[in-house]
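Some structures are shown below for you to check.
Paired with subunit B in one complex and with subunit C in the other, subunit A is shared by the two complexes that follow.
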Partner chain A sequence: MGLDILFKIAGVGILISVIHTALKQAGKEDMAQLCTLAGFAIVLLWVVQLLGQLFTTVQGVFKLF
Partner chain B sequence: MWLKLIGCCLVIIAGTLTGFSLAARYNERPKQVRQLIGCITSLGSYINYVSLPLSEALIRSAGMIEGPVRDLFQQAGSFIDTSGWRSPQEAFAEALNMLENELAIHKPEREIMLLLGANLGAVDRKEQQKHLDLAKVELEKIHQEAIIARDQNVKMYRYLGVCGGLAIAILLV
Partner chain C sequence: MEIVQIVGLGFIVTLLILIIRTQKPEFAVQLSLALATIIFLLVLGKINLVIGLIRDLADKANVSQMYLNTILKIIGIAYITEFGAQVCRDAGEGAVAGKIEFAGKVLVMVLAIPIIALVLETIVKLLP
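And now, the complex of A and B:
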(Lines of atoms letter the chains of each structure in order from A and count residues from 1; the text may use other names and numbers.)
(Lines give C-alpha, C1' and ligand atoms only; values in the text may rest on other atoms or scores of the structure.)
Protein backbone atom coordinates (compact mmCIF):
# COMPACT_ATOMS: atom_id res chain seq x y z
CA MET A 1 0.00 0.00 0.00
CA GLY A 2 1.36 3.35 -0.98
CA LEU A 3 0.37 6.87 -0.29
CA ASP A 4 -1.86 6.95 -3.34
CA ILE A 5 -4.95 5.74 -1.45
CA LEU A 6 -4.60 8.66 0.95
CA PHE A 7 -4.40 11.11 -1.95
CA LYS A 8 -7.40 9.43 -3.54
CA ILE A 9 -9.43 9.84 -0.35
CA ALA A 10 -8.34 13.46 -0.05
CA GLY A 11 -9.33 14.10 -3.67
CA VAL A 12 -12.74 12.53 -3.23
CA GLY A 13 -13.23 14.60 -0.07
CA ILE A 14 -12.43 17.86 -1.83
CA LEU A 15 -14.64 17.06 -4.80
CA ILE A 16 -17.54 15.98 -2.64
CA SER A 17 -17.30 19.19 -0.64
CA VAL A 18 -17.37 21.26 -3.84
CA ILE A 19 -20.35 19.29 -5.19
CA HIS A 20 -22.10 19.66 -1.84
CA THR A 21 -21.64 23.44 -1.92
CA ALA A 22 -22.80 23.71 -5.53
CA LEU A 23 -25.93 21.65 -4.87
CA LYS A 24 -26.70 23.53 -1.68
CA GLN A 25 -26.42 26.88 -3.45
CA ALA A 26 -28.88 25.65 -6.07
CA GLY A 27 -31.36 24.87 -3.29
CA LYS A 28 -31.08 21.09 -3.54
CA GLU A 29 -30.18 20.25 0.02
CA ASP A 30 -31.48 16.69 -0.21
CA MET A 31 -29.31 15.93 -3.24
CA ALA A 32 -26.36 17.52 -1.46
CA GLN A 33 -26.84 15.20 1.52
CA LEU A 34 -27.21 12.21 -0.78
CA CYS A 35 -24.02 13.15 -2.58
CA THR A 36 -22.09 13.45 0.68
CA LEU A 37 -23.44 10.07 1.73
CA ALA A 38 -22.34 8.52 -1.58
CA GLY A 39 -18.83 9.94 -1.17
CA PHE A 40 -18.69 8.67 2.38
CA ALA A 41 -19.78 5.19 1.26
CA ILE A 42 -17.12 5.06 -1.47
CA VAL A 43 -14.37 6.09 0.93
CA LEU A 44 -15.68 3.68 3.54
CA LEU A 45 -15.39 0.82 1.03
CA TRP A 46 -11.70 1.59 0.52
CA VAL A 47 -11.05 2.02 4.23
CA VAL A 48 -12.82 -1.23 5.13
CA GLN A 49 -10.60 -3.14 2.71
CA LEU A 50 -7.52 -1.59 4.31
CA LEU A 51 -8.82 -2.41 7.79
CA GLY A 52 -9.33 -6.00 6.68
CA GLN A 53 -5.69 -6.09 5.56
CA LEU A 54 -4.63 -4.63 8.90
CA PHE A 55 -6.50 -7.30 10.86
CA THR A 56 -5.03 -10.14 8.80
CA THR A 57 -1.57 -8.66 9.35
CA VAL A 58 -2.16 -8.46 13.11
CA GLN A 59 -3.37 -12.05 13.11
CA GLY A 60 -0.28 -13.08 11.18
CA VAL A 61 2.13 -11.23 13.46
CA PHE A 62 0.73 -12.64 16.69
CA LYS A 63 0.03 -16.09 15.24
CA LEU A 64 -3.63 -15.92 16.22
CA PHE A 65 -4.84 -18.48 13.65
CA MET B 1 1.14 5.74 -17.52
CA TRP B 2 0.53 7.97 -20.54
CA LEU B 3 -2.48 5.93 -21.51
CA LYS B 4 -3.92 6.46 -18.03
CA LEU B 5 -3.27 10.19 -18.22
CA ILE B 6 -4.94 10.47 -21.62
CA GLY B 7 -7.91 8.41 -20.38
CA CYS B 8 -8.27 10.67 -17.33
CA CYS B 9 -8.19 13.77 -19.52
CA LEU B 10 -10.85 12.32 -21.81
CA VAL B 11 -13.12 11.40 -18.87
CA ILE B 12 -12.74 14.89 -17.37
CA ILE B 13 -13.40 16.56 -20.72
CA ALA B 14 -16.48 14.39 -21.26
CA GLY B 15 -17.85 15.26 -17.81
CA THR B 16 -17.20 18.97 -18.35
CA LEU B 17 -18.87 18.96 -21.75
CA THR B 18 -21.91 17.13 -20.35
CA GLY B 19 -22.23 19.71 -17.58
CA PHE B 20 -21.86 22.62 -19.96
CA SER B 21 -24.38 21.22 -22.45
CA LEU B 22 -26.93 20.70 -19.66
CA ALA B 23 -26.27 24.25 -18.47
CA ALA B 24 -26.67 25.54 -22.02
CA ARG B 25 -30.14 24.01 -22.18
CA TYR B 26 -31.17 25.99 -19.11
CA ASN B 27 -29.54 29.07 -20.60
CA GLU B 28 -31.39 28.60 -23.84
CA ARG B 29 -34.89 28.15 -22.40
CA PRO B 30 -35.70 31.77 -21.35
CA LYS B 31 -34.33 32.96 -24.67
CA GLN B 32 -36.57 30.64 -26.65
CA VAL B 33 -39.63 31.47 -24.54
CA ARG B 34 -38.96 35.16 -25.18
CA GLN B 35 -38.74 34.42 -28.91
CA LEU B 36 -42.02 32.52 -28.72
CA ILE B 37 -43.66 35.56 -27.11
CA GLY B 38 -42.28 37.82 -29.83
CA CYS B 39 -43.51 35.48 -32.56
CA ILE B 40 -46.99 35.22 -31.04
CA THR B 41 -47.18 39.02 -30.84
CA SER B 42 -46.29 39.47 -34.48
CA LEU B 43 -48.57 36.58 -35.42
CA GLY B 44 -51.39 38.55 -33.77
CA SER B 45 -50.52 41.59 -35.87
CA TYR B 46 -50.43 39.55 -39.06
CA ILE B 47 -53.82 38.02 -38.24
CA ASN B 48 -55.52 41.25 -37.14
CA TYR B 49 -54.13 43.94 -39.38
CA VAL B 50 -52.74 42.20 -42.45
CA SER B 51 -55.28 39.35 -42.61
CA LEU B 52 -52.77 36.95 -44.07
CA PRO B 53 -53.64 33.27 -44.44
CA LEU B 54 -52.52 31.37 -41.35
CA SER B 55 -49.66 29.48 -42.99
CA GLU B 56 -48.12 32.64 -44.39
CA ALA B 57 -48.71 34.56 -41.16
CA LEU B 58 -46.89 31.83 -39.23
CA ILE B 59 -43.94 31.83 -41.61
CA ARG B 60 -43.70 35.63 -41.67
CA SER B 61 -44.11 36.10 -37.93
CA ALA B 62 -40.90 34.13 -37.35
CA GLY B 63 -39.00 35.79 -40.17
CA MET B 64 -37.06 38.20 -37.99
CA ILE B 65 -35.55 35.76 -35.52
CA GLU B 66 -32.99 32.98 -35.69
CA GLY B 67 -32.85 29.49 -34.28
CA PRO B 68 -35.20 26.61 -33.52
CA VAL B 69 -38.21 28.81 -32.71
CA ARG B 70 -38.14 30.18 -36.24
CA ASP B 71 -37.92 26.62 -37.55
CA LEU B 72 -40.91 25.68 -35.38
CA PHE B 73 -43.13 28.42 -36.81
CA GLN B 74 -41.93 27.94 -40.36
CA GLN B 75 -42.33 24.18 -40.14
CA ALA B 76 -45.87 24.56 -38.76
CA GLY B 77 -46.69 27.10 -41.46
CA SER B 78 -45.39 24.90 -44.24
CA PHE B 79 -47.25 21.86 -42.85
CA ILE B 80 -50.51 23.81 -43.01
CA ASP B 81 -49.59 25.07 -46.46
CA THR B 82 -48.58 21.78 -48.04
CA SER B 83 -51.12 19.45 -46.47
CA GLY B 84 -54.46 21.16 -46.08
CA TRP B 85 -56.07 18.29 -44.21
CA ARG B 86 -53.92 19.05 -41.16
CA SER B 87 -55.42 21.27 -38.49
CA PRO B 88 -53.13 23.99 -37.04
CA GLN B 89 -52.91 21.99 -33.83
CA GLU B 90 -51.70 18.90 -35.68
CA ALA B 91 -49.21 21.02 -37.60
CA PHE B 92 -47.85 22.48 -34.37
CA ALA B 93 -47.72 19.04 -32.74
CA GLU B 94 -45.80 17.61 -35.67
CA ALA B 95 -43.42 20.56 -35.82
CA LEU B 96 -42.83 20.31 -32.06
CA ASN B 97 -42.08 16.60 -32.38
CA MET B 98 -39.74 17.21 -35.29
CA LEU B 99 -37.74 19.87 -33.45
CA GLU B 100 -37.81 18.14 -30.06
CA ASN B 101 -34.01 17.94 -29.79
CA GLU B 102 -33.30 21.49 -30.88
CA LEU B 103 -35.97 23.19 -28.77
CA ALA B 104 -35.11 23.80 -25.12
CA ILE B 105 -38.74 24.39 -24.14
CA HIS B 106 -40.49 22.13 -21.65
CA LYS B 107 -43.92 20.56 -21.39
CA PRO B 108 -45.92 23.64 -20.22
CA GLU B 109 -44.76 25.69 -23.22
CA ARG B 110 -45.59 22.81 -25.53
CA GLU B 111 -49.09 22.60 -24.09
CA ILE B 112 -49.59 26.33 -24.51
CA MET B 113 -48.51 26.14 -28.14
CA LEU B 114 -50.82 23.17 -28.79
CA LEU B 115 -53.73 24.94 -27.14
CA LEU B 116 -53.01 28.01 -29.22
CA GLY B 117 -52.86 25.84 -32.33
CA ALA B 118 -56.25 24.39 -31.49
CA ASN B 119 -57.79 27.85 -31.47
CA LEU B 120 -55.96 29.40 -34.41
CA GLY B 121 -58.05 29.69 -37.50
CA ALA B 122 -61.08 28.15 -35.79
CA VAL B 123 -62.69 31.32 -34.45
CA ASP B 124 -62.97 34.95 -35.51
CA ARG B 125 -60.21 37.54 -35.17
CA LYS B 126 -61.31 38.96 -31.86
CA GLU B 127 -61.40 35.54 -30.24
CA GLN B 128 -58.10 34.59 -31.79
CA GLN B 129 -56.57 37.74 -30.35
CA LYS B 130 -57.93 36.74 -26.94
CA HIS B 131 -56.28 33.35 -27.19
CA LEU B 132 -53.02 34.90 -28.38
CA ASP B 133 -53.08 37.27 -25.40
CA LEU B 134 -53.79 34.39 -23.05
CA ALA B 135 -50.88 32.40 -24.47
CA LYS B 136 -48.65 35.47 -24.12
CA VAL B 137 -49.58 35.97 -20.47
CA GLU B 138 -48.90 32.32 -19.71
CA LEU B 139 -45.59 32.42 -21.54
CA GLU B 140 -44.58 35.56 -19.64
CA LYS B 141 -45.11 33.67 -16.40
CA ILE B 142 -43.07 30.76 -17.69
CA HIS B 143 -40.37 33.17 -18.80
CA GLN B 144 -40.01 34.51 -15.25
CA GLU B 145 -39.85 30.98 -13.86
CA ALA B 146 -37.30 29.97 -16.49
CA ILE B 147 -35.07 32.91 -15.56
CA ILE B 148 -35.16 31.90 -11.90
CA ALA B 149 -34.42 28.28 -12.81
CA ARG B 150 -31.57 29.40 -15.05
CA ASP B 151 -29.95 31.48 -12.31
CA GLN B 152 -30.14 28.53 -9.95
CA ASN B 153 -29.13 25.72 -12.24
CA VAL B 154 -26.57 26.93 -14.76
CA LYS B 155 -23.74 27.28 -12.26
CA MET B 156 -24.70 24.06 -10.51
CA TYR B 157 -24.61 21.98 -13.69
CA ARG B 158 -21.23 23.42 -14.67
CA TYR B 159 -19.74 22.63 -11.26
CA LEU B 160 -21.34 19.21 -11.24
CA GLY B 161 -20.03 18.39 -14.70
CA VAL B 162 -16.44 19.28 -13.89
CA CYS B 163 -16.51 17.71 -10.43
CA GLY B 164 -18.29 14.58 -11.68
CA GLY B 165 -15.63 14.10 -14.36
CA LEU B 166 -12.86 14.55 -11.81
CA ALA B 167 -14.55 12.18 -9.35
CA ILE B 168 -14.92 9.44 -11.98
CA ALA B 169 -11.29 9.95 -12.99
CA ILE B 170 -10.15 9.59 -9.37
CA LEU B 171 -12.31 6.50 -8.83
CA LEU B 172 -10.97 4.82 -11.95
CA VAL B 173 -7.27 5.56 -11.37
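And now, the complex of A and C:
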Protein backbone atom coordinates (compact mmCIF):
# COMPACT_ATOMS: atom_id res chain seq x y z
CA MET A 1 0.00 0.00 0.00
CA GLY A 2 1.12 3.63 -0.33
CA LEU A 3 3.62 3.64 2.49
CA ASP A 4 5.99 5.80 0.51
CA ILE A 5 3.52 8.67 0.52
CA LEU A 6 3.90 8.91 4.29
CA PHE A 7 7.63 9.33 4.06
CA LYS A 8 7.25 11.73 1.14
CA ILE A 9 5.03 13.95 3.30
CA ALA A 10 7.47 13.76 6.20
CA GLY A 11 10.35 14.61 3.84
CA VAL A 12 8.54 17.62 2.41
CA GLY A 13 7.66 18.78 5.91
CA ILE A 14 11.23 18.63 7.14
CA LEU A 15 12.60 20.15 3.93
CA ILE A 16 10.14 23.04 4.10
CA SER A 17 10.98 23.83 7.70
CA VAL A 18 14.71 23.83 6.90
CA ILE A 19 14.19 26.04 3.84
CA HIS A 20 11.95 28.34 5.87
CA THR A 21 14.64 28.81 8.52
CA ALA A 22 17.36 29.29 5.92
CA LEU A 23 15.39 31.90 3.99
CA LYS A 24 14.53 33.69 7.21
CA GLN A 25 18.22 33.87 8.12
CA ALA A 26 18.93 35.27 4.64
CA GLY A 27 16.42 38.00 5.40
CA LYS A 28 13.87 36.96 2.73
CA GLU A 29 10.85 36.61 5.03
CA ASP A 30 8.22 36.77 2.28
CA MET A 31 9.98 34.12 0.19
CA ALA A 32 10.00 31.86 3.24
CA GLN A 33 6.26 32.28 3.71
CA LEU A 34 5.60 31.55 0.01
CA CYS A 35 7.81 28.50 0.14
CA THR A 36 5.95 27.16 3.17
CA LEU A 37 2.65 27.77 1.40
CA ALA A 38 3.86 25.88 -1.67
CA GLY A 39 4.97 22.91 0.43
CA PHE A 40 1.68 22.99 2.27
CA ALA A 41 -0.25 22.93 -1.03
CA ILE A 42 1.70 19.94 -2.36
CA VAL A 43 1.21 17.93 0.82
CA LEU A 44 -2.48 18.90 0.90
CA LEU A 45 -2.86 17.56 -2.65
CA TRP A 46 -1.47 14.15 -1.64
CA VAL A 47 -3.51 14.01 1.56
CA VAL A 48 -6.74 14.94 -0.22
CA GLN A 49 -6.16 12.23 -2.82
CA LEU A 50 -5.58 9.73 0.01
CA LEU A 51 -8.75 10.87 1.79
CA GLY A 52 -10.73 10.58 -1.45
CA GLN A 53 -9.53 7.01 -1.79
CA LEU A 54 -10.44 6.29 1.85
CA PHE A 55 -13.96 7.68 1.55
CA THR A 56 -14.74 5.85 -1.71
CA THR A 57 -13.45 2.62 -0.18
CA VAL A 58 -15.49 3.07 2.98
CA GLN A 59 -18.58 3.79 0.88
CA GLY A 60 -17.89 0.62 -1.05
CA VAL A 61 -17.45 -1.52 2.03
CA PHE A 62 -20.29 -0.16 4.14
CA LYS A 63 -22.65 0.51 1.22
CA LEU A 64 -23.02 4.08 2.49
CA PHE A 65 -24.08 5.75 -0.77
CA MET B 1 1.77 -10.62 11.42
CA GLU B 2 0.35 -7.41 9.97
CA ILE B 3 -0.06 -5.99 13.43
CA VAL B 4 3.71 -5.80 13.83
CA GLN B 5 3.99 -3.90 10.56
CA ILE B 6 1.22 -1.52 11.57
CA VAL B 7 2.63 -0.83 15.01
CA GLY B 8 6.12 -0.32 13.56
CA LEU B 9 4.77 2.06 10.95
CA GLY B 10 2.80 3.88 13.63
CA PHE B 11 5.91 4.37 15.78
CA ILE B 12 8.07 5.59 12.90
CA VAL B 13 5.53 8.08 11.63
CA THR B 14 4.73 9.26 15.18
CA LEU B 15 8.40 10.10 15.67
CA LEU B 16 8.44 11.91 12.33
CA ILE B 17 5.36 13.85 13.44
CA LEU B 18 7.14 14.87 16.64
CA ILE B 19 10.06 16.22 14.62
CA ILE B 20 7.83 18.18 12.30
CA ARG B 21 5.41 19.42 14.96
CA THR B 22 7.98 21.74 16.55
CA GLN B 23 8.75 23.55 13.30
CA LYS B 24 5.58 23.30 11.23
CA PRO B 25 2.47 22.07 13.13
CA GLU B 26 0.28 22.09 10.00
CA PHE B 27 2.44 19.42 8.32
CA ALA B 28 2.23 17.30 11.48
CA VAL B 29 -1.58 17.27 11.30
CA GLN B 30 -1.51 16.28 7.63
CA LEU B 31 0.98 13.51 8.34
CA SER B 32 -1.14 12.07 11.14
CA LEU B 33 -4.19 12.25 8.85
CA ALA B 34 -2.32 10.35 6.15
CA LEU B 35 -1.15 7.75 8.65
CA ALA B 36 -4.67 7.16 9.96
CA THR B 37 -5.96 6.74 6.41
CA ILE B 38 -3.26 4.29 5.39
CA ILE B 39 -3.66 2.14 8.48
CA PHE B 40 -7.37 1.86 7.83
CA LEU B 41 -6.83 0.97 4.18
CA LEU B 42 -4.39 -1.73 5.28
CA VAL B 43 -6.98 -3.30 7.60
CA LEU B 44 -9.93 -2.90 5.22
CA GLY B 45 -9.50 -6.32 3.60
CA LYS B 46 -10.14 -8.01 6.92
CA ILE B 47 -13.26 -5.91 7.54
CA ASN B 48 -14.55 -6.99 4.13
CA LEU B 49 -14.17 -10.66 5.11
CA VAL B 50 -16.05 -10.13 8.38
CA ILE B 51 -18.90 -8.29 6.65
CA GLY B 52 -19.13 -10.99 4.01
CA LEU B 53 -19.44 -13.62 6.75
CA ILE B 54 -22.14 -11.64 8.55
CA ARG B 55 -24.02 -11.25 5.27
CA ASP B 56 -23.91 -15.03 4.67
CA LEU B 57 -25.15 -15.74 8.20
CA ALA B 58 -27.95 -13.21 7.73
CA ASP B 59 -29.00 -14.86 4.47
CA LYS B 60 -29.04 -18.31 6.12
CA ALA B 61 -31.13 -16.95 9.01
CA ASN B 62 -33.26 -15.25 6.31
CA VAL B 63 -33.01 -11.94 8.11
CA SER B 64 -34.14 -9.28 5.62
CA GLN B 65 -31.38 -7.31 3.94
CA MET B 66 -32.85 -4.03 5.16
CA TYR B 67 -31.71 -4.58 8.75
CA LEU B 68 -28.19 -5.62 7.77
CA ASN B 69 -27.75 -2.69 5.37
CA THR B 70 -28.91 -0.24 8.00
CA ILE B 71 -26.52 -1.70 10.56
CA LEU B 72 -23.62 -1.55 8.09
CA LYS B 73 -24.46 2.04 7.21
CA ILE B 74 -24.57 2.98 10.89
CA ILE B 75 -21.18 1.33 11.45
CA GLY B 76 -19.75 3.19 8.46
CA ILE B 77 -21.11 6.55 9.61
CA ALA B 78 -19.89 5.93 13.15
CA TYR B 79 -16.43 5.07 11.87
CA ILE B 80 -16.08 8.13 9.64
CA THR B 81 -17.45 10.41 12.36
CA GLU B 82 -14.95 9.02 14.85
CA PHE B 83 -12.14 9.37 12.30
CA GLY B 84 -12.92 13.02 11.59
CA ALA B 85 -13.58 13.96 15.21
CA GLN B 86 -10.33 12.35 16.38
CA VAL B 87 -8.21 14.10 13.75
CA CYS B 88 -9.81 17.47 14.55
CA ARG B 89 -9.25 16.91 18.26
CA ASP B 90 -5.58 16.05 17.60
CA ALA B 91 -5.22 19.29 15.71
CA GLY B 92 -6.50 21.07 18.82
CA GLU B 93 -9.97 21.91 17.52
CA GLY B 94 -12.18 20.41 20.25
CA ALA B 95 -15.22 22.48 19.23
CA VAL B 96 -15.08 21.30 15.61
CA ALA B 97 -14.72 17.69 16.80
CA GLY B 98 -17.80 18.13 18.99
CA LYS B 99 -19.82 19.44 16.04
CA ILE B 100 -18.75 16.51 13.85
CA GLU B 101 -19.77 14.05 16.53
CA PHE B 102 -23.12 15.82 16.93
CA ALA B 103 -23.76 15.57 13.19
CA GLY B 104 -22.81 11.89 13.25
CA LYS B 105 -25.27 11.19 16.06
CA VAL B 106 -28.07 12.93 14.19
CA LEU B 107 -27.36 10.95 11.01
CA VAL B 108 -27.30 7.66 12.90
CA MET B 109 -30.62 8.54 14.56
CA VAL B 110 -32.14 9.33 11.19
CA LEU B 111 -31.02 5.92 9.93
CA ALA B 112 -32.39 4.16 13.00
CA ILE B 113 -35.90 5.65 12.77
CA PRO B 114 -37.36 3.10 10.29
CA ILE B 115 -36.26 0.22 12.49
CA ILE B 116 -37.66 1.83 15.64
CA ALA B 117 -40.98 2.34 13.86
CA LEU B 118 -40.99 -1.32 12.78
CA VAL B 119 -40.31 -2.50 16.33
CA LEU B 120 -43.14 -0.39 17.70
CA GLU B 121 -45.56 -1.71 15.10
CA THR B 122 -44.62 -5.29 15.93
CA ILE B 123 -45.17 -4.63 19.64
CA VAL B 124 -48.55 -3.05 18.99
CA LYS B 125 -49.57 -6.08 16.91
CA LEU B 126 -48.56 -8.38 19.78
CA LEU B 127 -50.77 -6.57 22.25
CA PRO B 128 -54.29 -8.12 22.50
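Here are a few things to note about the model shown:
Assume the second predicted complex is superposed on the first by the 64 of 65 C-alpha atoms of A that agree within 3 Å, B and C clash if a C-alpha of one lies under 4 Å from a C-alpha of the other, contacts with A are read in each partner's own complex, and residues count from 1 in each chain.
Note that a contact is a pair of C-beta atoms (placed from the backbone, for glycine too) under 8 Å apart; a residue touches a chain by one contact, two chains touch by 3 or more.
Just so it is clear, the structure is predicted and the values come from calculations on it, not from any experiment.
Contact with subunit C, but none with subunit B, is seen for A:L3 once the two complexes are overlaid on the shared chain. Once the two complexes are overlaid on the shared chain, A:L54 sits against subunit C while remaining clear of subunit B. When the shared chain is aligned, subunit B comes close enough to touch A:I19, but subunit C does not. Looking at the shared chain after the overlay, A:I42 reaches subunit B, while subunit C stays out of its contact range. Using the contact criterion defined above for the overlaid structures, shared-chain residue A:K63 touches subunit C, although it does not reach subunit B.
Contact comparison for subunit A: of subunit B and subunit C, C touches the greater number of residues.
Within the superposed three-chain model, A:G27 lies in touch with subunit B and out of touch with subunit C [touch as defined at top]. Annotation: subunit A residues 12, 16 touch subunit B in one complex and subunit C in the other.
Those residues of subunit C lying in contact with subunit A across their complex are 9, 13, 16-17, 19-20, 23-24, 26-28, 30-31, 33-35, 37-38, 40-42, 44, 47-48, 51, 69, 72-73, 75-77, 79-80. Listed in rising order, the residues of subunit A touching subunit C in the complex are 1-3, 5-7, 9-10, 12-14, 16-17, 20-21, 36, 39-40, 43-44, 46-47, 50-51, 53-55, 57-59, 61-64.
By the touch criterion given at the top, residues 4, 8, 11-12, 15-16, 18-19, 22-23, 25-28, 42 of subunit A touch subunit B in their complex.
Partner subunit A is touched in their complex by these residues of subunit B: 152-153, 155-156, 159-160, 163-164, 166-167, 170-171, 173.
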